[in-house]
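In what follows, chain A forms one complex with chain B and a second complex with chain C.
Entry: the complex of A and B
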């Protein structure tokens, strides 16, 4: 009983803290918290693929960026209402996922990683090169935030909007990984041949995981376009994909909560380190090496080991 | 009725013929054991029946249905289940999750993002019964890789049986087990419903003769003898290449 009560109390406490946050923190830090939440969702979306289906993608920025660019292009080039652009952006991310998945799923392991990387670079080079449409390197400033009867233009109201959207998305992700589908993904991660022998259509499950993962990455990307009121090719770049991978691995792949914590930590550290030095990527690299050496199952793995050791005493 | 028909199945790996034209039938409800020295092609034959390998030539039929080119998961839907010679489980999942996955194989073509609570309860009940029957009831919450080797082999068979197969392929179910564990597995296999057809690879002669209705002996990718216990014991060629080597 005790084991079931504490996580619930913890979740309520975290939710209360998240809701109270704008009253506690200065606006700058509310903005930082918004970014932490957005990247928490981005990392969780990648974790569905990496931690549950066992497919390591180095191209997840593609779906994040496509959603962001869809919003910018619809709002700035087509004059579409910013709120209506939101579902369109999610559909666009899912479609790109649905198109890329059959190509990537031909391979496994590091080859899957390379194909997803290459596909994402194709999207990046389109955004970078098609200057007349996307402004190339300069990106597209002036993305407006949606208006659902109240303005999201100040930091606090946008924070609550992002919190609500990300909260719903996170609940959906938890429901997915707890469903028989989620269990089947973990089974496929552990042994494809065994799952096939049991009657599972392995490819169909992996395909669905890929598209769902792209869809949820799209939610994060769309929110990020609103948040910055800007999109640029760096949203689609390999550094973005690699950072997401590190967030997942730092937090602990296959747990959802871990990658969310990992993402929040990386975003916070990036902000903090960037105020001291411009060599953020160097620091990120050191973090990655330390995690793989001392916490190969991430922070959640460390915590679980700690609990087990204490239980044994 | 013929449960399994293997017709002239060949499998070449590069220039090596692992299977050089194997043909035999297994009748419904029959318990057939495949004997043969290492490298005879027994496991390769299993892989062509379960769909993990495509034969280079020949035909495999399951209850009259040609399954030669069918995907393994679709063969499972037609009532085929197998165990693996090298334990093939879900090392980082719990025993209960493994059994729930095995029971869910029947819905394995669909994406089950939602499961009605009633179905969920049924599945948990079935899982508990299956674990109980295979002496794994106390291990439900354990992580599979922490089980003993003997327990893992039993779980391997329990998973294959979860889908109530019509044809069960057992690849050396008693390999590496202690005599006590072997007796337990033999007893459990004997208790399986008689309408379930079983084809098994077995190295232990006593186990083979105890469980088999008929025995087929393979050597160098060919079937060299087929018959009941007496016929196999009397076969000079079998004695020379297999029994003689013991």
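Entry: the complex of A and C
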């Protein structure tokens, strides 16, 4: 009983804190919190692929960026309403995922990582090179935020909008992970051949995980385009993909909570440390190395170890 | 004649890429590590060469100092850090990414943010006539060095005892260990040699491409492309991939400036789709 109550209380407390946040913090930090939430969703979407299906992607920025660019192009080039562009962006991200998945799933391990990287770089080079459509590396400023009867133009209202969308997305992800489908994915991660022998269609499960993962990354990307009112090729670049990978590993792959914490922590640290010292890159690097040495399973892994050690005493 | 010059430029650039990709590929082949710090060896190696060149005026000394320094750094990173996470991909990624950050910032601190050029050795500061153009001898020198290193590596791998051990380790590290080959030492050695080759590329690139913050990452990505195209763990693949990428990159920049990167990444994606393990890679 006790074991079931505490996570519930914890979840309620976190939710209450998230809802009360704009009353507690200055607007700048509400904006920072919005960014932390967006990247938490981005990291969780990658973890569906990396942590649950066991497929390490170094091209996740492709789906994030394609969704963001879809919004910018529809709003700025086609004059489509910003709110209507949102579902279109998610569909675009899922379609790119559905196109890339058959190519990437031909390989495993490091080759999977490199193929996803290669495909994402192709998308990036289109956004970077096709100046007449995308403005190249200048990016596209002036993306408007959607209007659903009330304005999302101030920091607080956009924070609540993002919180609601990300909350729903996170619940869906939890439901997916807990479902028979999610369990089958974990089985495939542990042993493809065994699951095959049990009658599971391994490829179809991996394909579905890939497309779902792209879809959820698309939600994060679309929100980020609204949040910054801007898209640029860096949304699609390998640095963004690598950062998502680092967020998942830092937090702990194979749980949804870990990557969310990892993402929030990295976004916060980048902001916080860069306000203290211009050598924040150095500090982050040292933190990554220390985390690897002392918590190779990520922060969640550290916590699990701690719990187990206490239980043994 | 323009075509010949573009091909020569592409080959010269490809040779630099080969020096970087060869180490990346060997390290992966033996240890299954995708070393994200590899571009760092190139950049920091180049910077060290620059400093030595400025203090001593000798290009040869610059080469030696930078190669030795990066071999040592590579050995330290492998021996004291990466070894703990053998065959454990995720911690390896985080660790090498951490080192990439650390050295990127340290070198920004030490050498500043402006692009820095190395002087080429005086003996190579001339050009040979080629049709209506004058072609710089230094680039021909780059091609020669690349070919010499490729030949040397091939000889080492195929004809020496250590090379045989290396191939055994690449094929099956555990069996090699059981046969009495000191695979652990081999790991450190290969990592150091890979780092040294990248440093060599960094110093050699100094007079042509200049050294600047971010070059570590750019070079890492291109080296990635090279090993993807050529196949991980294969020297032949690294050479073929490097030449292809070097030439494609040069032609792209010259003829389709708007889609310069496209000319590199699209052929890479096509090759991967046709052969997921690259041109010379094994499953």
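One rule holds for everything that comes next: the second predicted complex is superposed on the first by the 303 of 313 C-alpha atoms of A that agree within 3 Å, B and C clash if a C-alpha of one lies under 4 Å from a C-alpha of the other, contacts with A are read in each partner's own complex, and residues count from 1 in each chain.
Heads up, the rule we're going with is that contacts are C-beta pairs under 8 Å (C-beta built on N, C-alpha and C of every residue); 3 or more make two chains touch, one makes a residue touch a chain.
Worth saying up front: this structure is predicted, and the values here are computed from it rather than measured.
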| item | value |
| --- | --- |
| A:238 touches, of chain B and chain C: first, second, both or neither? | second |
| Partner chain in contact with A:266 - chain B first, chain C second, else both or neither | neither |
| Chain B or chain C, by number of chain A residues touched | C |
| Which of chain B and chain C A:250 touches, first, second, both or neither | second |
| Touching partner for A:187 - first (chain B), second (chain C), both, neither | first |
| First, second, both or neither for A:285, with chain B first and chain C second | second |
| Residues of chain A contacting chain B in one complex and chain C in the other | none |
| Touching residues (chain side chain A, partner chain B) in the complex | 175-176, 179-181, 183-184, 186-187, 190-191, 193-202, 204-205, 208 |
| Complex interface listing, chain B residues touching chain A | 50-52, 71-73, 76-77, 81-82, 84, 88-93, 97-98, 100-102, 104-109, 111-115, 159-160, 162-163 |
| Chain C-touching residues of chain A, taken from the complex the two chains share | 56, 103, 106-107, 109-111, 113-115, 117-119, 121-122, 124-126, 128-131, 238-239, 242, 245-246, 249-250, 253, 279, 281-282, 284-289, 291-293, 296 |
| List of chain C residues in touch with chain A within their complex | 28, 32, 34, 36, 81, 84-85, 88-91, 93-95, 97-106, 108-109, 217, 221, 224-225, 227-228, 232, 258-262, 264-266, 268-269, 272-273, 276-277, 281 |
